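As structure tokens, here come the structures.
Next come two complexes, and both contain chain A; in the first it sits with chain B, in the second with chain C.
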Partner chain A sequence: GEVCSPTLVSFMCCKFQRIDVSKQMSLPMDIRLPPEILKKLQMQSPEPCKPLSRMSRRASLSDIGFGKLETYVKLGKLGEGTYATVFKGRSKLTENLVALKEIRLEHEEGAPCTAIREVSLLKNLKHANIVTLHDIIHTDRCLTLVFEYLDSDLKQYLDNCRNIMSMSNVKVFMFQLLRGLAGELKLADFGLARAKSVPTKTYSNEVVTLWYRPPDVLLGSTEYSTPIDMWGVGCILYEMATGRPLFPGSTVKEELHLIFRLMGTPTEETCPGITANEEFRSYLFPQYRAQALINHVPRLDTEGIDLLTTLLLYDTRKRISAEASLRHAYFLSLGEDIHSIPDTASVFSLKDIQLQKDPGHRSSFDCFFPNSGRGKNRRQSVF
Partner chain B sequence: EGILIGGKRYSEVTITLETCLLPPERLARSPSAVLGLSADTEEQLRIRGCEEIQAAGILLRLPQVAMATGQVLFQRFFYCKSFIRHCAEMVAMACLHLASKIEEEPRRVRDILNVFHHLKHSTEHRTAKPMPLDSTYISMKSEVIRAERQLLKELGFCVHIKHPHKVIVMYLQVLECERNTKLVQKA
Partner chain C sequence: SDGQEQKIAEAFDIDKDQAGDYLMSPEYAKDIFDYLKHREEKFVLTDYMHTQPDLNEDMRGILVDWMVEVQENFELNHETLYLAVKLIDHYLSVTVAMRESLQLIGSTAMLIAAKFEEQCPPSLDDFLYICDDAYKRQEFIAMERNILQGLKFDINIPVPYRFLRRYARVARASMETLTLARYVC
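On to the complex of A and B.
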């Protein structure tokens, strides 16, 4: 239970750059500064001050062992994502288990966008539904993120219960996912990647999986907005409820085809502006009619089907937001208190929220989720 | 709780950027000033770097927010490191490259190198050719990537910046000055 490991970020593994004094003179001398700025600059005569504490602080963190690869012992591979490999490890500092996410740095375009986002945002977030980032090791070839270790991710979880999850657990997991997304996170930040799905490269050379991408993105929209994630959330709800991925396409065309066959080929009515989309027109898809989702997800109740439907809307303006979906009727049965727990507390801090034994589970639930008790500091993550 | 190292107990060290205001003593004595660079040369280098980022950003058709981010990164970096030991132009390129990724409008290092090359060598009468793909190009490219890594390290990955521009526009709206286009434009 208790998590007392330090949330810490340090960067000490870069070598110092060689001094190149010749570059000092790279300024053209014809730049003219406004007189008031010049005057100001002259008034700010340099005063003697104590040396910066930052260097010494950084040095002491380094002395402790943060930011160093030697501090962590690799224990075994946990999985391979679309842009990173994750290992189970142990921190020599705390003896705690950690997850080491190794991001290969391709020398083509420097640090990947997703890695920058992941570090820059996760670093400042303390939330019960978000994995804590403990340390960063930045070297020439590789960026290693050290995360708190979680017992199981959604994929393992689904495998362990033979793809038959208790519907009440589906609801709790969905709520946790949406809680994370209602903050600053994007679905991509959860490292969503299935080994089976075929990764593809975007124009910015990033590797992404197709299965959770909405049609607007598949049809060339490069605008990142939150409705993109909500489509992916719909796909995950379906996957948890049925045990199968919703749209397991291996090419963009196949992905779109799978979507349209189930949700209906978009029309000007369901997806304003679609008839003007050149890419859409060039595919010449047949005119499919939307099928009733209830026939495909029979285990999901009426409210659940309604939520799924509003998550999978073509029109991004009508697609439900993370904040609004937390208030959806589907979650009414979780009670009112769940909306007032602090960000840093797990939903399991509420007495009424408990996971049920999954019908498909091989043995008792506890051996896969030994720490899923109601410890207040326990951070839960679905991925 | 925590860990005991050298007689001191460490339980939590968090490096965040709650406030992006520098203390006056650090503003007055930047790393460049410590190494003896004159204040007005430093000011000129800062202005020049920001202008380069702006001009290159326009040519790369980046949204204005990317240039603003790049400029903030540039200014912040040179409160961690000096102009004497770090090439201002290289850092400017790395800032723009990183900013384009942060603002989700990524541009390739090649395009950034070409645009900076163009800005440097084009005159009124002729436009410079793209950089030849020779060894100079390859070493410059890897230097930009190295500078980017150093930027991330120095800034502690605190690179998502909240810009004041929107807030200024909001204040102007509250003050009912939004029709004062000169002021809004300045924001």
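On to the complex of A and C.
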């Protein structure tokens, strides 16, 4: 088929990843500066050939505008979360588009712990499937994180192809998502390796929205752990393959009901400990039997169905991990080389990995149905 | 994960006891400690005290003793205390400070370390109280910003205690030995 340019490389911001010092992004070091700024930098340095010392480098980077709010022009709101608002913006330094994540600072408590953790961990990350942090602006009212701007997120992408994605693209995107997550999970575990004191409540409240929440969290588990993300990944695989969200519940009860109706009401066998869970018992759900997933995702092949099934297991100990899923038979067709590309390189650096034209892609549709407005606002996913 | 790491003989695999306990994440333990070791080299301290006109080693000692009391008072993890001390030393390596602000630096470092490490960090009110209202809320918030900016938010600093905990597990050392070993690190 026709090959599209690989623009949609990074997904949602998978957050943390294990890093090597060699890959460490000393914040603005790897930013491509326009020639006139480089010239200015060299003029300020007494000996142009001598590498700048840390101190003078920091001073000059601030002179040219890093760490300053004036350096960025706000263009419009992209989204709003519980603790931050994200704007589209442009850097006056590089003329590049950026995403500005504004974290409001509480006057009572100073910087929120989520922000401190996010910034200190993200600062050290560089991975082709994790959104890059370019700059940090810290004023007394606001902490603004400057990220690379992504042309399109998954929701826009799905809208754009009228929810009919090429199944080969679904596979490539899944692989990218898991690649980003395989890294994230390692660092999320950082906290966990220490002891039993895991930063939990804030995590589970803010990280996973209702549609992508696993039953263990919906039923009151406040432990943020790696299997939580993998349930959400399963939901995303379904959503890409069908164009519809998997469990679009609007309340916890409805969410659980949708899950149990498809996956079967959990039993002691599928979900050890469930019969003792007071919350579960209080809902008095009917005894649904698990349905065959293949009837709901007919476009997904056998291996894909198998991956989806292991992502959507109730038992968190049996749910597949990001690393194990990268080795799942579903991805065999992507070849062996995909496992040895460096973290910082995109999967599209391999010549065999290319995006196909999506069957529902807007431009091809528009020739036939120019004013149909199909696909617009038909879905409301939270990607 | 990267294919080049060596396999650990089963008899020496201290993480296998915790297989299945996802809160301990045994499958990632080795990677995490490799990473921490690697990262530790980035945070080598130099003797900064001679660059501080108004401070000396004794004052630092008094400050750390007081921070130990704060840790006990708030029942914080040892890692939090160790990280706070690291934050102070790295901050004082890049900023000149007067002795009047030393306690503010120490308690703000404790606040930042607690926000990073603890499940339920103490509130700023608690810190105002243990400083006997010597500093105002706004001073704390401003110092938090100074420290974070001075360290460029790079505050995930490996601390010796984390390694000690793990080595004690490898050696199957008792709690007494582990506690005694803290005096060496």
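In this text, the second predicted complex is superposed on the first by the 256 of 383 C-alpha atoms of A that agree within 3 Å, B and C clash if a C-alpha of one lies under 4 Å from a C-alpha of the other, contacts with A are read in each partner's own complex, and residues count from 1 in each chain.
Just so it is clear, a contact is a pair of C-beta atoms (placed from the backbone, for glycine too) under 8 Å apart; a residue touches a chain by one contact, two chains touch by 3 or more.
As the structure is a prediction and not an experimental result, all values here were calculated from the model.
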Practice item. Using the touch definition from the top, say if A:109 reaches chain B (first), chain C (second), both or neither. Key: both
Point to revise | Partner chain(s) touched by A:138 [first = chain B, second = chain C, both, neither] | key: both
Exercise for review: Return first, second, both or neither, reflecting whether A:295 touches chain B, chain C, both chains, or no partner chain.
Suggested key: neither
Check your understanding: When the two structures are overlaid on chain A, which partner does A:93 contact: first (chain B), second (chain C), both, or neither?
Key -> first
Point to revise | First (chain B), second (chain C), both or neither touched by A:287 | key: neither
Point to revise | Which of chain B and chain C A:227 touches, first, second, both or neither | key: second
Practice item. Return first, second, both or neither, reflecting whether A:317 touches chain B, chain C, both chains, or no partner chain. Key: second
Check your understanding: What is the shared patch of chain A, the residues that chain B and chain C both contact?
Key -> 19-21, 27, 107-113, 116-117, 119-121, 123-124, 136, 138
Practice item. Report the residues of chain B in contact with chain A in the complex, numbered from low to high. Key: 1-3, 5-6, 10-17, 25-29, 33, 37, 39-41, 43-45, 47-48, 80, 83-89, 97-98, 101-102, 104, 106, 108-109, 142, 144-146, 148-150, 152-154, 156-160
Revision key, fill the gap. Note: in the complex, chain A contacts chain B through residues 4, 6-11, 14, 17, 19-21, 23-24, 26-28, 31, 33, 37-38, 41-42, 44, 46-47, 49-50, 52, 54, 61, 63-64, 93-94, 107-113, 116-117, 119-121, 123-124, 136, 138, 204-205, 224
Study note, to complete from the structure: So, in the complex, the side of chain C touching chain A is made of residues 1, 3, 20, 22-25, 27-29, 31-33, 35, 38-39, 41-42, 77, 79, 111-112, 115-119, 121, 123-124, 137, 140-142, 144-145, 148-149, 152-156, 162
Check your understanding: Touching chain C in the complex: which residues of chain A?
Key -> 18-21, 27, 105, 107-113, 116-117, 119-121, 123-124, 136, 138, 140, 182, 185-186, 189-200, 223, 225-227, 316-317, 321, 323, 340
